[in-house]
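Here it is, the structure in full.
Per-chain residue numbering starts at 1, and chain names A, B, C, D and E are given in the order in which the chains are listed.
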Amino acid sequence: MLETKDLTIQFGGHTAVDHVTVDIAEKQLTSIIGPNGAGKTTFFNLLSGQLSPTEGEIYFRGENITSMSTTKRSRLGIGRSFQITNVFPNLTVLENVRLAVQSKRNVRYQMMAHFLHYKKFQEEAYALLEKVLLDKKADTIAANLAHGEKRKLEIAMLLALDSEILLLDEPTAGMALEEVPAIIEVIEHIKARKEQTIVLIEHKMDMIMDLSDEVLVLFHGELLAQGTPEDIIANDIVQSAYLGGMYNERLS
Amino acid sequence: MNLRTIEKSTWVYLAIAFLLFVVPFLVTGRSIQFLIIQIFVFGIFAMSYDLLLGYTGIISFGHVMFFGVGAYSTAVLFDRFEPTIFTFGLAILVSAIIAGVVSFIVGILTLRLKSHFYAMLTLALAGLFLVGAEKWRKVTGGSDGFTFGLPDMLRDSFTLYMLSALSLVLLFFGLRRMTKSPFGKVLVAIRENESRTESLGYQVLHYKVIVSVVSGVVASYSGVLYILSLRFVDTSVFATDLTIDVLLMTIIGGVGTLIGPIIGASLIEFAHHWLSDLSDVHWLFERWIILYGTIFILIVVFFPKGIVGTLADRYIRWRARRTE
Amino acid sequence: GDAEESGAESGETIKIGVLASLTGALEAYGHQTKKGFELGLDYGTDGTMEVAGKKIEVIFEDTETDPKVARQKALTLLEDEDVDFLVGSSSSGDTLAVTPLAEEYEKVMVVEPAAADSITGAEYNDYVFRTARNSSQDAAAAAAAIAGDGVKIATLAPDYAFGRDGVSAFKTAAEDLGAEIIHEEYADAAATDFTANIQKIIDSDPDYLYVVWAGANTPWNQIVDMQVQEKGIKITTGVADRATLPMMAPLVGMDGFTLYYHTLPDNEVNDWLVEKHQEEYDEAPDLFTPGGMSAALAVLEALKQTDGSTDSKELIETMEGMEFATPKGTMTFRPEDHQALQEMYSVTLVESDEHDYPVPELKKVLTPEETAPPIMNGK
Amino acid sequence: MDVLVSLAVNGLATGMLIFLLAAGLTLIFGLMDVLNFAHGGLFIWGAYTGVWAYHMTDSFLLGIGTAIVIGLALGLVTERLIVRPVYGSHVQQILITLGFMLVLQECIKVVFGPDQKVVSPPSYLEGSFVVGDIVFINYRLFIIVIGLVIFFAFYYLFKKTRVGLIVRAGVMNKEMIQSLGINIKLVFMLVFMVGAALAALSGMLHAAYSGVIYAEMGLEFSILAFIVVVIGGMGNFKGSLFAALLVGLTQAFMAYYVPALSLATNMLLMAIVLVFRPQGLFALR
Amino acid sequence: MSDFLELRHMKANIEQYHILHDITFRVPKGEVTVLLGRNGAGKTTTLRSIMGLNPVVGGSLTFKGESIRNLKPHQIANKGIGYVPEDQGIFYDLTVGENMRVAMKKENGETKARMEWILDLFPDLKKFWNKPGGQLSGGQKQMLAISRAYVNDNELLLIDEPSKGLAPIVVEKVMESIHQMKEQTTIVLVEQNFMMASGIGDRFYIIDDGQTVQSGQMNELKQDGVLLQKYLGIS
């Protein structure tokens, strides 16, 4: 579905993603793990078009999209959420989501009609907020949300795009313990529908273990391992350089 | 969010618009009409600026170039051809085309620049227009300028008043609709977070260019009206002072409100007029410009978001408190 | 408006609206015009503020050197105040924004002190009379001061209409006198550095350098610093208002011209002006004060001749070819283009005992005929 | 050859003068990110008060001292009353500083009268000398020296101390810098005052250079300063110096070799720089 | 042990909204106190109010027996309180090195030693010393934010969700570092990662809707299934 060939990017002298060749399977949940600075977010940036590679190609359904703009990729069906919260700060939560809905519905250059003419967008946006437990804050200005709430908004906006591929960059970082299950549920639900492909970056191993069909491990920009969650967690390097001692204790 | 409140405000605006058309029957003095026409002209100019500043978050220091294009196209055409209504139509058309092309090019050339750099590049381009107007003296008459004739109809203050009032009202409702359309919502999104807008699948540059062209064409139209009311043109229609004036009007009224810039234009024009008249009242007011400058300072202190912006905020807060 | 009324209680009043830059960059000029105009009325009516049995009322309006404001104020004067005459203004732009209104409202407008040739040239209309000298008269005066057979002249002027017009008029006048313009140099009016321009002038090796300049940042210092005079190039220019004289200290000895300095004209009107001005304002009149006075005297003379009639047709007929006494001697409105022909003064800049700045000393009075500009309104 | 040298020397002097003017704005606009349209007001106040003191005491140095003191004082007032409430909001800055600019400019006329004032350099800096065929103007050499002194002083100051870092950090995130124990308000105020003093100083130096001062010159020259700060790359002295010299030299050479375009020099230069280097010549990073 | 930091019935506003209604807790010297609670409960606001970044409109706030309620943030910081904000507060255009330099109150042998220790803890920072902070990865930014607070000799550290975005092994290092510092530095921690919170916390407070609703010793909480379920959704 989404393939990369020798995907590489360098910043100055530093190679952040180093000849990564993977094939992300359709309608599955693939997780990416790796130490901080391994290149996970950068890899996402390459897939979604925020950055363009110094080397290598990206294929989406067999089509070479390496030099396609962010916008085009988004329209093709590659949607993403951001690790550092990235919303429209002075708009309300609802408006944030509505903008995403509007884009999905392809209403882009309509200048004549009033936006309230598109009531459905509003309703759809509201439904999404309910899904991520943010409906109570629908009329709050996004900048005034607590951190965890912004993460939820971020997810709602991604869901609104309803894209074929969802790239989720640490969706639950900073989210309260009691609310993580709700988000996991949302992800599981999408997974169960078997309509969308999900790629997930997380540092929460329990989540990775529970959700993933496949796990990719990035290390210093290189693809170190690829396999089922069980395989990966058993991997020595992953154990020592990523998970560390405490995790071992817990496992044992 | 319901339809009723929005309709209410539309009614209010319509009522005000209606009043505007009644005014010239009551206020017949030509000089006061001239003053009001200036408010309409600069109201239109400021609205076009608000599209950039308020809705798309772009500060331009060169917006006057479109105004000047409108002014010169009109003046030169009237100077060269018979002053007829047909020439007037031609002037609008020509200025819109030139302004459209210029704003398109400027848009493409400059919109990838960030904030200050964009502002300064537009300043430079407007400066080049000014120099061009100075240098191309055969056509423009340079800084001395030239006068020209108008068709009889447009010489009439009343007609000119009605024409500008109608233009203002139509453009206001037109632009208001545009900013409230899905397109307008995307503009606001660009203002708030450009890269995020892109990753939602919107082609940001397209929007910026479109808005730059719309804004440029509207600004050039205000230049057309301006020069009709002045019947004289010189290089001052390209002067940075005008950009600064229109910037002030927009900010004073409240950016991103459309009605704000019109109110800002009225305030500046009237304040200017009255304060400068004060100098006749007492010699103390000979330096009335000090008061004029103080008004700006006070507005920032008491209306940090501009007059309309701040009042709207207060209203929202007041309503929130009442419903609490 | 600043209304000044006399005690006379006769029936009708004649209203005059004066437009001038009373604030902003040209405010010094505006105030000179204003004072001159007031004194002119005083002189012309012997302090009665009455002419042909009618009271005179003046309203001053500030144009702020902005054509839009000028037009707005002119409309106020014409509509609300219903003035009979317009007078003004300090800048050519302001004036041109108003002259069509004079035509439209059929009121006589006396232009003072705006100098652009086009006011009585390409933009001429029948209602416009100008007491101020125009750029071509300046140029003719300048040419008269230095030009002669085989004299090589270079020019330096600001790169906008005023400078370009000034030089081209000068060129015509100087070439008529047999001189040769070997180099024309134009500098940015707002420039701080003139070295490149001066260097080029030096390179062209003229006998004279004629400088047309207006505005605050003058090139004098740099001309001296670049030792232009030491290279055998004589400087000449118009001597402007008193505030600029201190800057010309380095140019002492220069031959030039001026349109007015209070010690130059030798006539009664000027004597009165200097004395009265000294009395009221504790200083001598400045560059444009006599202009203001001339404008007032022109209006009064016209009214005397029409016996108080403000009918424009009549006034225009009267004023065409009208002669009137002014601080600058007798002026005549040329019938063809309504430009007042007037004396100009060829001067030498000398050090002064009274002042710490140099002053112009009369070399020769240039008669109105000598400096008569070409007729440029196609008549 | 002589022409080249002469143009270069004078271009450098003009450039240095522009640099002096832009130095204050480099701090206030470049570093603190305040769109200070009142900068020209500080400039004229420096010029007028400095010249007044110079004429009163006949000491050029006292004139300079007065300009600096007035600059600091006005800087204090401007920062506390005008700029402090609007840090971070360009839109509000434009409005309030423009208003203040008008007030400053008109007050000059109230205090010193509306006429222009004539100034000349002190006798020891007046005049010029000739080497070969080239004329060197003393006051310009003086300007070049002062410009270099100011440049190195500030360059060193910012290199060796944390001030530059603190100001930039404060602009990026005011709360965080306070949480690190820094009284950012005080720092901003002091830096603003220094910027204002530089503006005033350059006003005084410019007065003796051009020989005349008038109230309207403030706005005229501050636009030039904005241009320099922006094409220099916002907020570093190296960039501003380089850009200022570039402007000065280009002006001199254009006026000599391409006089037809000399009116457009500044604007063309700025347009070209920004089209090819959208972040300015010396972007901070 | 005396109460090092004490909040009593603290009320705080954000703009005109009352966000914190009644926050009461005590932090003994040398302990790690953990604040827990749902998203939007008011944890971050509590830390910000202690730092003086939000107006405290009621109640008392004392540090070492002295009221700090009306002090400015920089004065509070200079009393020896360090803060790691939730959004990391990285100066994006400054390099890692410059970020550290701005944070350093003095440059002497002691801070140099700390610096060594920090760079050992987070070798990534050394590697990217000359890189602008804005270009770091999410986790690296978090490390930088923590390091900036570590570099000074603070008596009290307020840390808002340090584990966010960090790889498990780094979380472990951070925990270790906190253990090491406990001697000289008292810590208030907001943490969603229960593994970390329970690993290093001595005492906990639960905040809900702007009020402290529960408190106790951390080991008690670990045992208390009901409480865990009720407030933290852990079963």
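Simple rule for what comes next: contacts are C-beta pairs under 8 Å (C-beta built on N, C-alpha and C of every residue); 3 or more make two chains touch, one makes a residue touch a chain.
Because the structure is predicted, anything quoted here is derived from the model rather than measured.
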Study note, to complete from the structure: Chains in contact with chain B and also with chain E, listed by label, are A, D
**Study point:** Chain-contact steps, minimal, separating chain C from chain A
**Key:** 2
Review point. Looking at CA centres, what chain is most distant from chain B?
Key: E
Revision key, fill the gap. Note: chain E sits from chain D at a C-alpha centroid distance in Å of 44
Exercise for review: Determine the centre-to-centre distance between chain B and chain D, using the mean Cα coordinates as centres, and give it in whole Å.
Suggested key: 32
Point to revise | Mean-CA-position distance for chain D and chain A (Å) | key: 49
Study note, to complete from the structure: Rounded to the nearest Å, the gap separating the Cα centres of chain B and chain C is 37
Check your understanding: Do you know which chain E residues sit against two or more other chains?
Key -> none
Study note, to complete from the structure: Going by residue number, chain D touches two or more other chains at 263
**Study point:** Shared interface positions of chain C, touching two or more other chains
**Key:** 159
Practice item. Can you identify all of the chain pairs that touch? Key: A-B, A-E, B-C, B-D, C-D, D-E
Exercise for review: Provide the residue numbers of chain A that touch chain B in the complex, in ascending order.
Suggested key: 48, 50, 69-71, 74-75, 79-80, 82, 86-91, 95, 98-100, 102-104, 107-116, 118, 122, 157, 161
Practice item. Spell out the part of chain B that touches chain A in their complex, as residue ranges. Key: 1, 3, 6, 177-178, 180-186, 188-189, 192-193, 195-204, 206, 210
Check your understanding: Can you list the residues on chain A that touch chain E in the complex?
Key -> 11, 34-38, 40-42, 83-84, 137, 144-149, 152, 169-170, 173-181, 203, 205, 241-247, 250
Study note, to complete from the structure: Seen from chain B, its contact residues with chain C in the complex are 29-31, 34-35, 38, 134, 137, 141-147, 155, 230-232, 234, 236, 273, 276, 279-280, 286-289
Point to revise | Sites on chain C touched by chain D in the complex | key: 24-25, 27-28, 159, 185-188, 190-193, 195-197, 199-200, 203, 216-218, 220-222, 225-227, 243-244, 246-247, 249, 357
